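Take a look at the structures below.
What follows is a pair of complexes built around chain A, which joins chain B in one and chain C in the other.
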Partner chain A sequence: MKFKTFAAFVGPSVFMMLLFIAAPLVSVFIQSFQVTQPVLEQVEVETCTPGFLTQTCTTEIKTVPVLGEDGKTITETRWVGLESYRNVLQMDKFWEAVGNGSWNDIMQIDFWRALRFTLSFTLLTLPLVIGVGLAIALAVNNAARTIRGPVIFVSLLPFIITPVIGSLSIYWLFVGDGILTAMMERWTGTNISMFAQAWTIELLMYFYRVWHVAPFAFVIFYAGLQTVNMDTLESAVIDGASRWERLRHVIVPHLMPLIVFIALIHLMDCYRVFEEIVGFRSQAHVISLQWLTYDFMTPDDAGNRAISRASASAMLTMIGIVFLLVLPLRRTWRDHKGSAH
Partner chain B sequence: MFLKRIALAGAVSLMGSAAFAACSYENEVPVKSLSAGFEAWKAVTDAMAECGNFQAELDQEFRTKQPAAFEANPSLYQIGGVSNGTITPLLNAGTIRPLDDLVEKYGQNLTPNQLIRINGQIMAIAMMVNTQHLMYRSDVLADLGIEVPTTWDEVYAAADQIKEAGVVDYPLGATMKSGWNLAQEFVNMYPGFGGTFFNDDNTTAVNSEAGMAALETMKKALDYTDPEVLVSDSTYVQQQFQQGKIAMANLWASRAGAMNDEAESQVVGKIAMSAAPRATADGAPATTLWWDGIVIASNISDEEADAAFRLAMEGLDTEMVASANDAAIWLVNGYQPTEIAKGAIETATAVPAPPAYPSTTQMGLLHTALGNELPAFLTGERDAEATLVAIDEAYTTSAKEAGVLK
Partner chain C sequence: MSTPKAMQQSFALRFSSGAFLAFWCILAAFPIFWIAVMSFKSPVDAFAASPLDVIFGPATRANGDGLSVPDIIIGLIVLFFAIRWAFTRLPGLVRRYCPPGYLVLGWVFGAVLYAVAFILIFFGLLPLVLGVLNSILGPLGTPVLGLTTEHYVAVWGENEFYRNFLNSMLVTAGVVTISLTVGTLAGYGLARSGSDLAFWLLILALVFRALPHSVLVAGYLPVFINSSEILRPIFGEGAPTLYGQPWAVIAVLVSINQPFTIWMLRSFFQNIPAELDEAARVDGCSHFQAFRRVIMPVMWPGVITTGLFSFLLGYNDFLVTSLLLDAQNQTMVPAIAGYFNRETTTTDQVEAVAAAVSITAPLFLLVMVFQRQIVSGLTAGAVKG
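Presenting the complex of A and B:
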């Protein structure tokens, strides 16, 4: 292909990627080293509040932002170096807790609490998603041709549900008087509160994520299974290989690139876990890194938002994803180079 | 049953059309509003819509949208529905206009009590007061011979008796959803013990004896509530009441009307209201006073502001109150307090009176810090003392970032 044609094809997407991915990333990177504050002044303000019958007026000193000529708040931006990162990571408290050998103390620091959950969530659901996806794919592949269509359709359903809606449904099914909780309570005769302690909430989150993502893995694996070399399989059968041995030595090696691909996508997706936290209202017990960033970003009633800490926390999340992806990416790279020879 | 429903629907649609005829003029200028989504706002915006050319957005997330929407030029909405908690960012950014001349022109029916003056200028028109009050199952308390509790100690004593009798699933309900709701519970309880939120230098004063007392009192509630109380917000508690699951709760006055809504409540006529419980025997009710009302954007033409304000006055008139009397504790002329307003009025007129919610930049930061740090105390991962220290530290960090503290 001529370079000109190539550039004309790729140019627009490169431009879009620069505009919508690279530029915001650079801006967040810069903002994580800056703090933008309004210029504040202290003024005496008399405020009147209605009671039921009469008003009460109070005069107090309030800290309010100064408005400029154009009617906008005057702000000033300072470089603060790594301060926002320090505020998010709280290393001094972390080391103190490590010094005391107190896991509980470490878990009181928001970032480390969020990191703990995000990592265990990502790493625990990964093998489950791959395993369940592969199992469904094998089952469908061995099913009779006539029922394959409906089975594929039904097993894909969880994947097309919007994540927020899906997690809300799980919440409603299992909350105090939800249908499933009521049913379990009838069976066991005890009062069950799935959302009253951290471990049950986490269990439900793992369950939900695997249920939601396994169909994706299934579709990919199912497509992969159609390309397995039949001759190799048949000769394996003739050699007396059992079902398990055929799976281990023929099918899985054949699907390996797909497994790595799904692992990559899953790691990236899972590290950004967010919907479950909001849907399950689990903030009291479990938070994730993405939720932490969101919490910094959300303005409070007075309109304050912690943009600098949000930027720092977003950058840290990205660094985390890069760390997680290095291993599988290196493998893909080696395979890629290997196949070139 | 079916006939009754049809008759009811007919009656409602008749009421609608009768009210439509009621708007005294036709609105020519397109006006939009953004407000919270509870019953009272629905009544007010419905009344405004009768004049035509009006579009209302009722959204419980209004607080996060409003500052940016009003900062746009021209502003995306002409009318904003605010409370004393959410007016601060608008005031700070100067995106709402003084209303003195408009009040003079169209505000003949307003009472002085409704005019929210900041430094003498009218910046908002209040339409209702809101506060928390004790709602209780009058039948349950009467059956067990329990006096209506007036302090938190009495509430817990009563809860003990109700728990023993086992007449409801849980004696108490509480709006302790982690985040804003839970923080509000502390903001209610803490001044009840005589605590002040800030020192003169803008540092927080919650790490105090009053803070300890507030935390301990809040924690006692967990013995009597649903174990999942850390996910329960106002709507959840309201439903627990309606389904007969709880017997008492200190809940928003704006939720009282729903108790007698026959379409969704199984306890119609069984819920009574009294003043919010006191933290100490001779203190104020442990709650804060709120008002809800309207503001007009500054980034719009004077003509639009004129039309918007006139429309708002039409929405806040006596007729609207007559048709939605029980939707709120109205400040509007013509409001007839009924049985369900008793608790809120007792709370607001108590001596000493509860404080108004102290809406400032610092309070916003502290509210967030409280909402994030309190859950660990209630789940038992951290003791009261460490929690207060954590709140102090979280507030200090964000106050420094916001420039409130040096």
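Presenting the complex of A and C:
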């Protein structure tokens, strides 16, 4: 295919990605070094109150925003260097906490709290998703043909449901006197509230994510199982391999590219954990990096958005995903090199 | 086909794998099933501590809302035939009355017509008939299962959830159409070009897919809010403010979705032998004509699958729509967050549950109709790598 035709086909898509993905990235990068604030001026204001014989007047100096000709406040944008990053990272507090050896003090700082949760969330759910997905795929593959259709239908539901609604549906089972909390209270005889402390919320979040993503892993592994080479499997049987050995030495190696694929997608998606925090309303206890940026961007009570801080935390979030993806991307690159020649 | 003896499974293994599967199915369906049940009960029943109270709803029944035994039996029969006809009669009718070449449009039209007819019969005609029947039957006609639709009426009527529904439909339809148009072109180009540039574009797309959406929105937000000032030199006084506009959100979601779309469509195009378009080119077609006349007609399965995933992205998105749309243009998913703030009484909570179930219902239908496409689509994308 000539370059010109290639460009004509791919052009619109690349244009959109450059305009709406690459350009915002550049602007986020620039914004993270800038701060936009209203221009303030100090004016002398004389206020007089009626008094007996003469008025009592006081003069005071007030700081008010400068209004432009259209009556709106004038804003100015300054370069502040790394100040926004400093505000987000709060390194001085961080080092102080490290000096004290106090983990709790570090977790008082939003960014580090978010980073801790995002990383443990991503890395802890990864093996669970792969394990559960593989287990369901093997079980469905074992099941009779007639029940496979309905089972796949039911399995797809958690995957397809809107993430916010999915986490809400689990939230409602556990909230206050939710049906499962009531059941646990009856068993243990103690008063349980799942959403009052951080660790139970986190546990529910892990559960929700595995529930939500395991079907995706299942469908892909299930497809992979259909292509397992029967001859290899049979020769393994003849060589006396037990069921477990067959799984370990024949099936899992065959599924290895799919496991890498799922791990890659899972790393990307899990790192953006966000909807769980909205659904479980956990912002007081557990937050993630993406939620931190979202929180900076939502208008506060005065209607201001902390754009520069949001940009700084967005850049930091992005650096994190680059670190997570270096290894899988190098593998893809090596595969491409290998297949090209 | 008989399996060799060594490959046959012991009873213990088959039993445990079956038990595991049953456990998983309950786990997968329970939360969704349960909120669906809750949404039809009065608040006292919906948040009752005993599961039986939630299912049978004594407080709802005491209010006079409920189903009698004939209601349940006849309702289930109607439901059964409705689903069966959807899979047997409907495809036949669409095929017979649809002009050739407009099959997709015919399906959309047929499905909407069928849904409207179903709603009219099931929620309009059936209650009337059953009301008369129950009064004749006497004791047999008293309700045994508490059930009320008042929360749905409140959500869709009083709270004007239909506005959010229409916004959702607008955004989703826009995302699906534009994603597919732009994506099929790019996917075809990438699949047929073996150059290094194509490979680098794909890697770039992969990196773009990994970006958290909040990173991108941090870039849009200031530009969108100030866009009328930025665009004034180009468009003059009528320059639009992009913030709050559904079409701006569509463009953003399409772009976010592009990396995934082109990866998926590319793997579908690679499955179509290149000889097909080469033959068309020999017959005198240009690249674009070959793409339109020869390749697209065999690409429909891939396009439908990718469209489904674009639909899910547009429909399920919370972050982008909640930040870039203002209150009037809100789609369903961010709108439900508005219920949190009002959640002071249990009635509000049950209304939130009903809104959540309303959002889930179309997805449920989607899986029912397109299950095969979703599975084959996911696997085609993944197994080929």
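Here are a few things to note about the model shown:
FYI, the second predicted complex is superposed on the first by the 308 of 341 C-alpha atoms of A that agree within 3 Å, B and C clash if a C-alpha of one lies under 4 Å from a C-alpha of the other, contacts with A are read in each partner's own complex, and residues count from 1 in each chain.
The rule is simple: a residue touches a chain if its C-beta (ideal position, glycine included) is under 8 Å from a C-beta of that chain, and two chains touch if they have at least 3 such contacts.
Everything quoted here is computed from the prediction, not taken from an experiment.
Contact with chain B, but none with chain C, is seen for A:V45 once the two complexes are overlaid on the shared chain. In the superposed model, A:M107 lies in contact with chain B only, and not with chain C. In the superposition on chain A, contact of A:S193 is made with chain B only, not with chain C.
By the touch criterion stated above, A:Q37 is placed in contact with chain B alone, chain C being left untouched. In the superposed model, A:R281 lies in contact with both chain B and chain C. When both complexes are overlaid on chain A, the residue A:F117 reaches neither chain B nor chain C. When the two structures are aligned on the shared chain, A:T298 is found in touch with chain B and with chain C.
Set against each other, chain B and chain C differ in how many residues of chain A they touch, and the higher count belongs to C.
Contacts of A:N87 after superposition on the shared chain: chain B is touched, whereas chain C is not.
Once the two complexes are laid over each other on the shared chain, residue contacts for A:G176 go to chain B and to chain C alike.
Chain A residues 176-177, 281, 298 lie at the interface with chain B in one structure and with chain C in the other. Partner chain A is touched in their complex by these residues of chain C: 4, 6-7, 9, 13-14, 17-18, 20-21, 24-25, 27-29, 31-32, 34-35, 38, 47, 49-51, 54, 182-183, 185-186, 188-190, 192-193, 195, 197-199, 201, 203-223, 251-252, 254-256, 258-259, 262, 287-288, 291, 312, 315-316, 318-319, 323, 333, 336-337, 340, 349, 352-353, 356, 359-360, 363-364, 366-368, 371, 374-375, 378-379, 382-383, 385.
By the touch criterion stated above, chain B contacts chain A in their complex at residues 63-64, 67, 71, 84-86, 88-89, 91-94, 112-120, 126, 129, 177-179, 182, 200, 202, 226-228, 230-231, 243, 245, 289, 291, 298, 329, 331, 344-345, 348-349, 353, 356, 359-365, 367-368, 372, 375-376, 378-379, 381-382, 386, 390, 397-398, 401-404. Listed in rising order, the residues of chain A touching chain B in the complex are 35, 37-40, 45-58, 61-65, 67, 71-73, 84, 87, 104, 107-108, 110, 175-177, 191, 193-198, 280-285, 295, 298-304, 306, 308-309.
Chain A contributes residues 1, 5-6, 8-10, 12-14, 16-17, 19-28, 31, 36, 135-136, 138-140, 142-143, 149, 151-158, 160-166, 168-170, 172-173, 176-179, 182-183, 211, 215-216, 219-220, 222-224, 227, 233-234, 237-238, 243, 257-258, 261-262, 267-268, 271-272, 274-275, 278, 281, 289-290, 293-294, 296-298, 305, 307, 310-311, 314-315, 317-318, 321, 325, 329, 332-333, 336 to its touches with chain C in the complex.
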